[in-house]
Amino acid sequence: MKPLNPSFAEEVARSFAQQTIMALIGAELSLVEPGIVEISLPYRSDLAQQYGYLHAGIVTTIADSACGYAAYSLMPPGSEVLSVEFKVNLLRPATGEQFLARAEVIKTGKTLTVARADVFGISNAAERKQIAVMQATIICLQKDSQE
Amino acid sequence: MKPLNPSFAEEVARSFAQQTIMALIGAELSLVEPGIVEISLPYRSDLAQQYGYLHAGIVTTIADSACGYAAYSLMPPGSEVLSVEFKVNLLRPATGEQFLARAEVIKTGKTLTVARADVFGISNAAERKQIAVMQATIICLQKDSQE
Amino acid sequence: MKPLNPSFAEEVARSFAQQTIMALIGAELSLVEPGIVEISLPYRSDLAQQYGYLHAGIVTTIADSACGYAAYSLMPPGSEVLSVEFKVNLLRPATGEQFLARAEVIKTGKTLTVARADVFGISNAAERKQIAVMQATIICLQKDSQE
Amino acid sequence: MKPLNPSFAEEVARSFAQQTIMALIGAELSLVEPGIVEISLPYRSDLAQQYGYLHAGIVTTIADSACGYAAYSLMPPGSEVLSVEFKVNLLRPATGEQFLARAEVIKTGKTLTVARADVFGISNAAERKQIAVMQATIICLQKDSQE
């Protein structure tokens, strides 16, 4: 997919840096390509649900931002991006030393973009298991024309 | 709806206290009734997305726990509860001084429960706007018999 | 909710009559109010899945049209309406002599509307059980400006 | 993925033949492999929504059955299969002379299976455009032990 904004990678990085929640949980932007974004998150014991797994809401946090930025990477300059909705299936207990959300755009449109994210738990530095899948709709707003 | 576990409220509170993510973000359990759970979250600037709104993943975090515990409140003693999947529509930018996720069980089953959560942003101590709606599926596992 | 189109009820009825699938399956528009639409469907043995229950896709067909028309009833004159996405939970086997999908708008917007539909199976003329719930996003297009 | 039921293909075909809705709309089972099922549907003018596109509910009907049978193909003998929930994004107006729903299992479990379906509209015998994507949860019931 071809980016409409030549400085899409800088724009994504700049916007990601403004998401204060990413610093709080320790998430980092690890890949930005046209239509593809990855976010990494080391496990921390203060991000857990009742059994010590990564909380589904934090799985969602990195998957949602990955989808939003995958969509944003293909939008024209001057766009603003917001999540419309998403659906997440939790495939396995979210265990791992590290988590990776990888999002890809399925379909772009002038107003709406559809993306999917796969979230993996990574153990022993290499073994990767898919723990969740997200299907998401993202809206492109032109600045000064909010929905 | 009638609880099968007479100490459901204590069980929910005990489990909620084990969700370390709730302490990190500052969320509190504010209501537990059979099939109904509310979770409150004061806005903090370190929970935000790029425009300063509460991040959709944090909206989801409190909605998911509210749905899970609404389901758990109706499960028999000795149950474990996990989210199977959820879908969230973000209805408005998540602004407010305070957020409230209110979940209600729609349908219970031996294995699967379906719940819905409405999430509100509250400003000026009283004005309440709905910012999101979740529809979720929760599974009941008997201890020692994991899926 | 207040309709922007004074002839919304006629518009909904006219559009519904153009949905040829409704005639094929025997569905009828049974209620049109601002933001609320109901569609009825008598059970027929040629609408079934492998155990004789109403097929989930047909449950979805009436729920989707009900959501779409509930949204359409609140749109300005000259609008076109399309489904963006929906999520359906099947709560019980879809049994009944008659089915009813009742949709209500949760949130309107200039571009996007969010609606919910409850689908009921009705037996013995009166006993009503909820068999499904849909959460849907609908887009409003101005004629001659397709996405 | 390895099938647990050596006669999975016959079982899927036998169950599909019992879905009376498939005959009504003219859908056919076109591929059955372990964890993968395709269903084909020629366009007919009596399957349409108000603008003549294939109705989203019929798109869902073939996607849901494709997901269900993809899941069923991996279940042990004596299983019964029901849809728990699904979410569909409509990516483009559903136009084409022919439609194809292709489902693949993402994750199997003793009780729950997660599958995805892509639905394509096919024109001029070959040109294929993706019109929808489904993410679905399917439950495996042992005969005589209904939820």
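When the chains are written out, they are named A, B, C and D in that same order, and each has its own residue count from 1.
Heads up, the rule we're going with is that a contact is a pair of C-beta atoms (placed from the backbone, for glycine too) under 8 Å apart; a residue touches a chain by one contact, two chains touch by 3 or more.
This one's a predicted model, so the numbers in the text were calculated from it and none came from an experiment.
Novice: Determine, using the mean of C-alpha atoms as each chain's centre, which chain is farthest from chain C.
Specialist: A
Novice: For the chain pairs A-C and B-C, which is connected through the larger number of C-beta pairs in contact?
Specialist: Most contacts of the two pairs: B-C.
Novice: Does the chain A and chain B pair touch with the same residues on each side or with different residues, judged by whether over half of the numbers are shared?
Specialist: Both copies, chain A as well as chain B, present the same residues to each other, with over half of the numbers appearing on both sides.
Novice: Measure off the straight-line distance from the CA centroid of chain A to the CA centroid of chain B, and report it in whole Å.
Specialist: 22
Novice: Give, as an integer number of Å, the spacing between the C-alpha centres of chain C and chain B.
Specialist: It comes to 28 Å between the two C-alpha centres.
Novice: Which integer distance in Å separates the CA centroid of chain A from that of chain C?
Specialist: Chain centroid spacing, chain A to chain C, equals 32 Å.
Novice: Would you pick out the residues of chain C that each touch at least 2 other chains?
Specialist: Where chain C meets two or more other chains at a single residue, that happens at 84-85, 87, 89, 114, 137.
Novice: In the complex, go through chain B and note every residue touching chain C.
Specialist: 87, 89, 91-92, 106-107, 114, 116, 130, 133, 135, 137
Novice: For the complex, which residues does chain B have touching chain A?
Specialist: Going through chain B, the ones touching chain A are 15-16, 18-21, 23-25, 45-51, 55-58, 60-65, 80, 82-90, 93.
Novice: Please name which positions on chain A make contact with chain C in the complex.
Specialist: 84-85, 87, 109-112, 114, 137, 139, 147
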